[in-house]
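Here's a structure for you.
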Amino acid sequence: MFKNSICFVSFFFLFLFSLINFFFFLFFMIYNYVIFLEWELISFSSMSLVMSILLDWMSLLFMMFVLLISSVVIYYSKSYMSSEMNLNRFIMLVLLFVFSMVLLIISPNIISILLGWDGLGLVSYCLVIYYQNIKSYNAGMLTALSNRIGDVFILMVIFWMMNYGSWNYVFYMDFMKNDYVMELMSIMIIIAAMTKSAQIPFSAWLPAAMAAPTPVSALVHSSTLVTAGVYLLIRFNVLLLDKFFLKILLLLSGLTMFMAGISANYEFDLKKIIALSTLSQLGLMMSILSMGMAELAFFHLLTHAMFKALLFMCAGVIIHMMNDIQDIRFMGGISNFIPYTSLYMNISNMALCGIPFLAGFYSKDLILDMVMMKNLNFFVFFLYFISTGLTMFYSFRLSMYLMINDFNLLSVYNLYDEDLVMLKSMFVLMMMSIFSGSMLMWFIFSYPYVIYLPINLKLMVIYVSLFGMLMGYMISSMEIYLMNKFSYIYNLSSFLCLMWFMPNLSTYGLNYYFLNMGQMMLKKIDMGWSEFYSGQGMFMIMKKYTIFYNFFQMNNNFNIYLFSFVLWMIIYLMILMVM
Amino acid sequence: MMKFLMLMIFTIPLCFKKNMFWMVQNMLFLMFFMFMNLMIDILYYCNLSYVFSCDILSYGLILLSIWICILMVLASENLFKMNFYYNFFMLNLLLLLIMLFMTFSVMNLFLFYLFFESSLIFTLLLIIGWGYQPERIQAGVYLLFYTLFASLPLLMGIFYVYYKMNYMMMYFMKFFSFELYLLYISMIFAFLVKMPMYFIHLWLPKAHVEAPVSGSMVLAGIMLKLGGYGLLRVFILFQKIGLKMNIIFIVISLLGGFYLSLKCFCQIDIKSLIAYSSVVHMSMVIGGIMTMNYWGFLGSYILMIGHGLCSSGMFCLANINYERLHSRSLYINKGMMMLMPSMSMWWFLMLSSNMAAPPSLNLLGEISLINSLLKWSYFTMIMLMFISFFSAAYCLYLYSYIQHGGGYLGIYSFYMGLSREYLLLLLHWLPLNILVLKVDYFMIWF
Amino acid sequence: MANVPFLGLKTHSQKVCSLYKRVLRNLEAFYDRRNVYRYQAVLMRARFDKNAKETDMRKAVELLRQGEEELFSQIHPLPKKFATSPGGVAYERVVQSPDWVLDYWHPLEKAQYPEYFKKREQRKKEFMAMWEKEYGKPDPKDQHH
Amino acid sequence: MGHFLGTFQTRDLDMEMNLQPTFDSNIGFKTRRTQRKMVACEEDLMSARVPPQYRDYCAHILLNYLVCRYKHMPFVYKCAHEKHNYMNCEQADYVLRMKEFEREKRLRQREKRLKQESNS
């Protein structure tokens, strides 16, 4: 029993901390209270290197959610990873991950952010390569290196922030806003956040990271790690307002939302579909953030964390029961076998779609209403509403494939719905994904948003959702002529299907040049010119001259002696003759 | 300071007694703790006795060298077990330590040169005597002649400095300044070879590949730092000319760091990869010193200490694998996580420290170096970003290539990690990550 | 031996069969409903059967080339793979460590699986007894590390 | 989108949603319009730490809402009534602003028309 108890102990403490954080959140929220702790490591030349901790309602609430999800996920992995030999390693990695996430959340100082940020990258790398196959190896490398770009940018931000004499950015963000260094910094921060949150040039890693075990996907790649970038931008929100680069971010994140929504419709891997929907929601958060509404982004981040973790955990149950099969083409009609899991799955799917009065509704509807209230151009508006429709589209397609369609599994199967550990842990998140939306809506908005729209505009969300639902139903039953339709626009289809070729571009498209350059350098400089001009070249020259002098000294000394004697005699005689 | 010297000298007879292997190490530990309690005034040279003295710079490096020597003993237990001339090994080690101690603690420039060069002899003996393959002769020759070739101009330079200053105390060097190109080159070139700078780094991978574990440890841990120490000392003389000329070396080091980090991907030998990665770090150190500002100096100092502990630990890890599989090839060292899961954790910790993950000293050093280099010129940002990115990339490459996936199963015999080895790694890793909490000792200088 | 394993040499009929199999797999990736897939597979079979009796090798090779091209132009970007077969998600996911690794486990780790290790020790003793009965006691000089 | 639709017919007038009124507030009115009164006093708002963008003409109702939240903290849904009041006030405010916008638009159209007539 020693083996499984690690799960229970970690679950217990994380859950406890989560509750404590919740009460502290309430307290901090009422009194509008902020605690700022600083521990000075060193101070010299008017620079001080401090480790600082910021506790306000935002960090406490986010911590509460992270701890809650991680506790539940750890409890869940007691059953999911029960046949795993290295369960201890797994749980410890997850705990380390939670630790670095908490470090990231509570730090208002760019150096201590780096502490959590780097830790997140490294631990998530370890978690992605937890399984030992080549797929996860490649996925881990892609994940870690994409995240490392963000780390490098944060490192650079540390330098630029040195210009202000301290790394506590909160103190002078307002005052130095129009400084050009601040502009540069904000660009770097945005790029760093984009790598962590997988926005468009860097979004290849998120679906690839699905090679991790499913509890990890539930915790890391849906709710916490990927929202770290969003959280960073929420913290830097004041700095970023009204910047030109923010408009580019709006465009990129809108495109991410759109792209992920489209590719999720083509994807057949169960986890990748959910990953792509995460990507789409991240795009939503980023884009609303880039319009300056940080609280809304935070709200959606929290509710999204709940139902996305639940969705992944349901997917985990299904994968677990199907003997690691993730392809939804093998699935169908499983609601007959596993009703509870299907129930949870549908609830989370609907919360994702924004069906009224589930968690996703409150945040998503508010975001879309605010978008409609904002002064925006038509293109962004188009992206938002198409993506909302697409969310409904792929969610319904997924539900259809899993629950409604014909039973399509291998001939030997064992579907059962009596794994109480998994069900219990999912129950917590199920309740949260029903109630957390309205709960947070009441809690975190001290200043309610006023929305006043024409009826058709207000119902636009419902229209696109219904349309998406219809499309989702249709595509899941588009059977007989599918191939003809697919091959009719084969190039376009594969372009959309493979995430606009981004996975290929960010692996094969990049590594060739650098690896080739490295090999060229090794051949031509290390083994070539450097060697020629120093070690081996010197050796060759010395050898040549040594042989040459040896020729005089050793082998032929009699001949040379004779020869020089004769030569000198001749010269002497000649001189004599001349004289 | 004399007491430490006497302690080391009178430990020498202990080497020749049988089975006193661990006793010598204990003596070194004793010395380490004695030295740690030395009262160090932060701002000045202190503990003066004869030519010896100690300021914060030499204090840290002496501590590092004693520590690395202790760990070298711990790492080469196999010599003791196999009875492979361990008496002479210990003698060699102690003499090397004496030389290093003197190098770091003398105040006289010429004596510094003398001990700087003589420490080379013992490293050479270590490589040639206890290396594994016949190629070690060539590697030893590379090591010797690369460093010797550049150090003779240094000797001339020191004599010239003496001729002009009439004095050789390092402390008084700050009252002089020379603006002579030839002197500048001749004074720093020996240290650049020792560091090593790009283009003259060839001796390092060769020496590392051929050296025994203790040789690799001392090479990566201390010998490279001799160069940095020398640069930090002599640059007081060349402040003015340095501002004109340093751009050459900074550019070479940064570009070289980038290329070297790409070259790491082409290595198939674990030790060679680690050696190349330490050249990358050293190139950043050179850059930091050459910017001639405070951040650069302290950053290079911190990175030297951090890198000394970290790369030495990685060589230990490489050796642990080598002792079990008798190969350093990346193709054979595979799937080690399956066989030694706990060692895999140590690999990860060491490699993550090497790629400057928090909270290691390397991160602090790298931040300071980035600060100094970017203050020097904003264009260095591109190269620094590349170096920082690729250093992470090759560390992860090394880690997952060795640890991940199915194993090489043609193993005849195998054994798990010994507690000695875990202790060894812990003693590398702990100072590396704990010292961040007390960075006063690195950051507050003159 | 169905085909010659070296040189990649295949007879024409083997090539056709391999094409047929790959085409079916491709169809399977497109049509996930079983009945629809069967329908399409029958249609495809009919297309193959139509030219099955082709005796002119030039025409047959040309047909095979066309078939390959058509397959290439219609191959599914996300093929349907079984999870534990090569290319699948769970292929080689868990590495089977050699048996002797278990002997080197820490006692604390061993204590997590008490029954298994008790039995294992028992078996080892039996095996050693068997070995010694057959080959005699091992030479103590052979022991190392 | 609101902007897009709202300014659909005012493109030629170069108007945007967040413009300040440019005409005198009394043009076309028989009675004199009075300026609206800010009910909430500055000290209250400051002590409640209300951010500047919320210090509008509905701030006193907002203060009510905040007080209610403070009293009932874990059970904030009890403040639905206060919230609704605030929303209504904000809505009326919005309507007022839209009316101002419409007035501005018409006045501009009139000015344009007058200019054209005087030109011709």
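Here the chain labels run A, B, C and D in written order, and each chain numbers its own residues starting at 1.
By definition in this document, a residue touches a chain if its C-beta (ideal position, glycine included) is under 8 Å from a C-beta of that chain, and two chains touch if they have at least 3 such contacts.
Bear in mind that the values here come from a model prediction, so they are computed numbers and not experimental data.
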| item | value |
| --- | --- |
| Where chain A and chain C overlap in contact partners, by chain label | B |
| Chains linked by the largest number of contacting C-beta pairs | A-B |
| Chain nearest the global centroid, as defined over all protein CA atoms shown | A |
| Rounded Å distance between chain B and chain D, as computed from the means of their C-alpha atoms | 69 |
| Chain centre separation (chain C, chain D; CA means) in Å | 71 |
| Length of the line joining the C-alpha centres of chain B and chain C, rounded to whole Å | 49 |
| Mean-CA-position distance for chain B and chain A (Å) | 36 |
| Two or more partner chains touched - positions in chain B | 335, 338, 405-406 |
| Residues of chain A touching at least two other chains | 132-134 |
| Listing of all chain pairs that touch each other, if any do | A-B, A-C, A-D, B-C |
| Residues of chain D that touch chain A when the two form their complex | 1-5, 16-18, 49-51, 54, 62, 65-66, 69-70, 73-74, 76-77, 83, 86-87, 90-91, 94-95 |
| Complex contacts: residues of chain A adjacent to chain D | 26, 29-30, 32, 371-378, 381, 442-443, 446-448, 450, 452-454, 457 |
| Residue numbers on chain B that touch chain C, as the complex places them | 335, 338-339, 405-407, 409, 411, 413-416 |
| In the complex with chain C, residue positions of chain A that touch it | 2-3, 131-136, 211, 266-269, 323-327, 329-330, 332, 401, 405-406, 408, 479-480, 482-483, 486-487, 490, 493-494, 497-498 |
| For the chain C and chain A complex, residues of the former touching the latter | 27, 29-34, 36, 39-40, 73-74, 77-78, 80-84, 89-95, 111-112 |
